[in-house]
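Per-chain numbering from 1; labels A, B, C and D assigned in written order.
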Amino acid sequence: MRLSIEVHLDYAFPEPADVLLQVEAAALADQWLEEQALTIRSDHPIRAVTGEEGIGQRCWARGEHRLIADYRAVVRIARPAVDLAVLPATPVAQLPPSTIPYLMPSRYCESDRLEHWARRRFAGLSGGALALALAAWVEAHLDYGWTDGSGRTGALETFAQRRGVCRDYAHLLVALARAMEIPARCVAAYAPGVDPPDFHAVAELWLDGAWHLIDATGMARADELVRVAVGRDATDIAFMTIFGTATLLAQRVAVMRLPEQERDVDPAR
Amino acid sequence: MRLSIEVHLDYAFPEPADVLLQVEAAALADQWLEEQALTIRSDHPIRAVTGEEGIGQRCWARGEHRLIADYRAVVRIARPAVDLAVLPATPVAQLPPSTIPYLMPSRYCESDRLEHWARRRFAGLSGGALALALAAWVEAHLDYGWTDGSGRTGALETFAQRRGVCRDYAHLLVALARAMEIPARCVAAYAPGVDPPDFHAVAELWLDGAWHLIDATGMARADELVRVAVGRDATDIAFMTIFGTATLLAQRVAVMRLPEQERDVDPAR
Amino acid sequence: MRLSIEVHLDYAFPEPADVLLQVEAAALADQWLEEQALTIRSDHPIRAVTGEEGIGQRCWARGEHRLIADYRAVVRIARPAVDLAVLPATPVAQLPPSTIPYLMPSRYCESDRLEHWARRRFAGLSGGALALALAAWVEAHLDYGWTDGSGRTGALETFAQRRGVCRDYAHLLVALARAMEIPARCVAAYAPGVDPPDFHAVAELWLDGAWHLIDATGMARADELVRVAVGRDATDIAFMTIFGTATLLAQRVAVMRLPEQERDVDPAR
Amino acid sequence: MRLSIEVHLDYAFPEPADVLLQVEAAALADQWLEEQALTIRSDHPIRAVTGEEGIGQRCWARGEHRLIADYRAVVRIARPAVDLAVLPATPVAQLPPSTIPYLMPSRYCESDRLEHWARRRFAGLSGGALALALAAWVEAHLDYGWTDGSGRTGALETFAQRRGVCRDYAHLLVALARAMEIPARCVAAYAPGVDPPDFHAVAELWLDGAWHLIDATGMARADELVRVAVGRDATDIAFMTIFGTATLLAQRVAVMRLPEQERDVDPAR
C-alpha cells in the first residue's frame, strides 16, 4: 500500500504562542517514507524533537500573527495482516514495564469508571478474542457524528452518548481495553478512507508481545494506517498543541492511494 | 401502612455555619402525620420554611461547634396501588407548565447526555409501559454499592459504572425518564426495607396527570414510601445542606412498620 | 427606554424533535410589551406555556426537517434605578421559601466549590455592598471571549479560565452570590449594547426583599434589560431546548433603542 | 539525612483483583537504600517491574480475600541544596524530548484550563524565580484539609476550592508550571514531617537541565524527600492501583529521622 499525504494548516494568533506540531508520518519498520517535506512559514527557527515512545517526531514552532504549515509525503505501508482472534492473553504481571502506563486511566480514557461494566459484559473473553469483541462492540454501539462537546469528551461520556468521531471511538476502545487489563494507546494516523478527510485517530492494543492497530470506526484496515504519533489519549497525539490561543483559518488533509511503484523493472534489459 | 421514623443527627462545626435541614415527613393527602417532633439542640432560633413545590418543610438552624437534631414521627400511608403499565403517555406540548423544569437536565441528572442512547434502546415504548421499562432496566443493570466518588456522581457516571446507592438509582431513572420526555423528579423518602437503614431517595415520574413514586432499587413499594421532599436531584432533596463545612459525629435512621391501629373499635364492648 | 427586538432562527432537524422555544419578552410590571409577534413556520400546532416562576412564556414546537421562527417586539422598560450599595443583607433564615432554590448549587453554578474561597475573599461584606463587590470582581477578572468548551462550561471552570461570554459571567456571579448566601438566578434577556448582537444572559440577586438585575459583563445597565426568562442557570433559560439534535442554519438577534414615543400629544394644536 | 520508613497495608477484596503496588523507595544517585524489605502475604507469585522513567519499581500482586503488605527501609538522602531562584528558564523548543509529556495537561493537572489566568498573574517571571513564585502562591492560597471529593479532585477544582491535601497541592503546582511552559511531574515520596503521617506527594519541575523537587505544602524540604515514583499525576504515582475493588482494613505509614551513622570513625583512636 502506497499513500500520498497532503496537509495544509493555517492559523491566526491573537498573541504570540509556542506551538507543538505533530503531523509527520513516522518512519517505522512497517511504514517507510518515500518522500516527505514539512514547510512552515515562520520567522522563527523550527525545532524537531522525537515523539513519545521514540515514535515519529514533533516540531516546535512559534505562532506569531499567522502560522502556515504544509506537509507532503509518500508513504509505503508493509504491515502483515494478523489474525487477532488467535492471539493469547498476557497476564498483567507478565507485561513489559513499558506497557504499564497504557493500563492506567487517563484524562479522556477513564477506564476505571468503565471497569465494573466491562468485566461483566465481556466476562469469559481474553486476549485477541476480547480485543475484537471490544472493537466490535464500539463499532456497533456508536453512531458516527459530532456531539456538542466534541473535542472535550472522554470515553465515559461517549459510552453514554453513543455518538462520536474518530477520537471518541479510539478513546472508548482504549478505555475498555485498559479496563480489561489489555494495555492500549491512542494513535494519530493518516488513512485513505476517512470521510470527511481529516486527521484520524485509532487505537493500538498490546497483544501477545506486540502492538496491534485497530480502527474502531471501521474506516480503515490496519494495513492502510500511517502512524504519526502514539500516546495515552488525544492530549498526547494532537496534531497541534498550542500554548495560548489560536483561530483556525484553513485546514485540509488529503490522503490518497497511489499505484504500487514498479520496482524490479525488467532486469533483462 | 403505619411507619415509625426515628432520626438522630450529630455534627461538629469547625466554624459557625448556616444549615438547612430537611428531615420531616411531609403532610400530604396520601401520607398523614399521626405524631412528629423535631428537636434541635441549639442556642439559635430555628426557622421553618415550606419545601420545594410546597411539599414538606425545611428548617434553618445554625451549626456552632455542634448541632444535634432528633426527629421522631409516626406516619400513616394510604396510597392506592396504581398499575403504571396502562397509563398513557402525555405529549410534551400538553404537559402542565409546572412539570417542565423536570424535563430539563440537572447537575446530577444529565439527561441530555443519555438521550441518544435511551431513544434507541427504548424506541416504541411510551407512557407507563416506558416508565416501567426504564425502572426495570436500572434495577437490572446496576449493582447496589458505594463507589469511590459516591456523593458526587451523577447519572452519566452511574450509567457507565453500573453501580451505586439509592441516590444513584434515582438519578439514573430520573435522567432516563427526562431523556424520553417524561417529567421526573427526585424524592427524599423514608422506607422500612432500606438496608442498611438510611435516608432513602427514589424517583417520581409524571404520568397521566399525576406524579408516581418509583423506587428503582426495588427496596420499597410505592405504598411504603414517606415523602420528605421533592426536587430536581440530590441537591434539592438533601437532608442537610451546610453553608460551610461540618464533620459527621453520629447519624442514625430507623424506620419500622407498626401494627395498624385499631380504629373504630366499639368502645361499648 | 423603548427597545425594538428582532429575532430570526432557522434550524434543520435530521430527525423530528420536540423543541421548547423561549424567546418572548416577558410582560412584567417594569417592562411592557407595546407590540409582539412570534411566527413559527411549522405544520404542527404550537403550544405556549408559562415560564419558570410565572415569568415569561415558553412555547412548544416540533422540529421536522426545518424550523424557522421570527420574533418581533417593541418593549418599554420602566425600571427605577436602585442604589444597590445601601441595601441591607437578609439572614438566610429570613429568606422567603421561594428564594431557597436559588441558594443551591446547580449544574453550571457550582457554588459549593467556590464557597471556601469566596468567604475568605469577601469576608466582612454583606447585602448590596457584597453584591456589587462580587459583580465588580467578575467584571474585572474575566476577559470576554469564547473558550473551546463554550456552551458546556460552568462557573468553576470559568473561575479558573478567567474568560467567557455572557452566560459565563452570569454563571460565575450567580455562583459567587449563592456561595455567600445571597439567592441568585440567571436571566435570559435582550439588551441593546450587546456586541456582537445576540441573546444575552445576566444575573438577578435577591436583596432586601426584591430581585435586582446585574449584568456582570458591564454591557447593559439594569434599566436597559428586557427579561425573557429566569432560572437556576443556562439550562432553564435557554432560548431553545431541543429534545434531539439540530443544526444551526441561521440565527440573528437585533435589539435597538427606539425614540421615546410621543404620547398624549395633542394633534389638534 | 537518614530516614527509616515503615508501611503496613491491609486490604480486603470482595472479588479477586490484580494489584499494582508502588511503595518502595527508589534507588537513585541522591538517595541510597541502606536496607529495604517488602513482604507481601499472598499465595500468588509477586512480580516486580521498573517504574515510570526507569525510577523505582512497582510490583504486581494478586488480591484474593486479603492482601497484607509490609515495607521497611532505611534510606540515606544526599541531595545538595539548590538555589532555585537563580536558575534560568529553558525555552520550550530547547527542552529535551523526554520532558515534553510533562508539559501536557493530564487528568488531574488540567493546565490548559489554568493557562489564561497563570500567564497574566505571573507575567514577567521565568525559570527558577517563576517556579518559586508558583510554589509560594499555592502554599499561600490553599488551606490544608480534606474536601468532600478528595481522591477525585484535580487542579482545576483545587484552584477554585482553595483547599486540599498533599496530592492537591502537587497537582496544582504541576498544572501551573505546565501552563507556564515549565515541564512538571508528580512524585510519590516519603518525608518525615508529614502530619498526619501518610504517603506524600510533591512536585518536580524541570529547570536548567534537571528535575527539582518542590513540596508546595511546605511540609518537607527537598533534602528530606525520598522518591518512590514519578508520573504525570496521581494516577501514575498511586501507591496501589487496584484492577477491581477493595476495602481498606488498616494502613500505616511511619517515617522517622535517624541519627547520622558514624562513618569514618577512626578505629585506631
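Throughout what follows, a residue touches a chain if its C-beta (ideal position, glycine included) is under 8 Å from a C-beta of that chain, and two chains touch if they have at least 3 such contacts.
Keep in mind the model is a prediction, meaning the values are calculated, not measured.
Greatest Cα centroid separation from chain C: this falls to D.
Set side by side, B-D and B-C show the greater C-beta contact count at B-C.
Residues touching across the chain A-chain B interface largely coincide between the two copies, over half of the numbers being common to both. Rounded to whole angstrom units, the spacing between the C-alpha centres of chain B and chain C is 30.
Separation between the centroids of chain B and chain D, computed from CA atoms only, is 42 Å. Residue positions of chain D with contacts to 2 or more other chains are 116. The touch graph of these protein chains is complete, with an edge between every pair of chains.
The part of chain C that touches chain A in the complex is made up of residues 148-149, 151-152. The touching residues of chain B, counted against chain C in their complex, run 18, 20, 45, 47, 49-52, 58, 60, 92-97, 100-101, 103-107, 110, 115-116, 119, 181, 231, 235-236, 241, 243-245. Those residues of chain A lying in contact with chain B across their complex are 113-114, 116-117, 120, 143, 156-157, 159-163.
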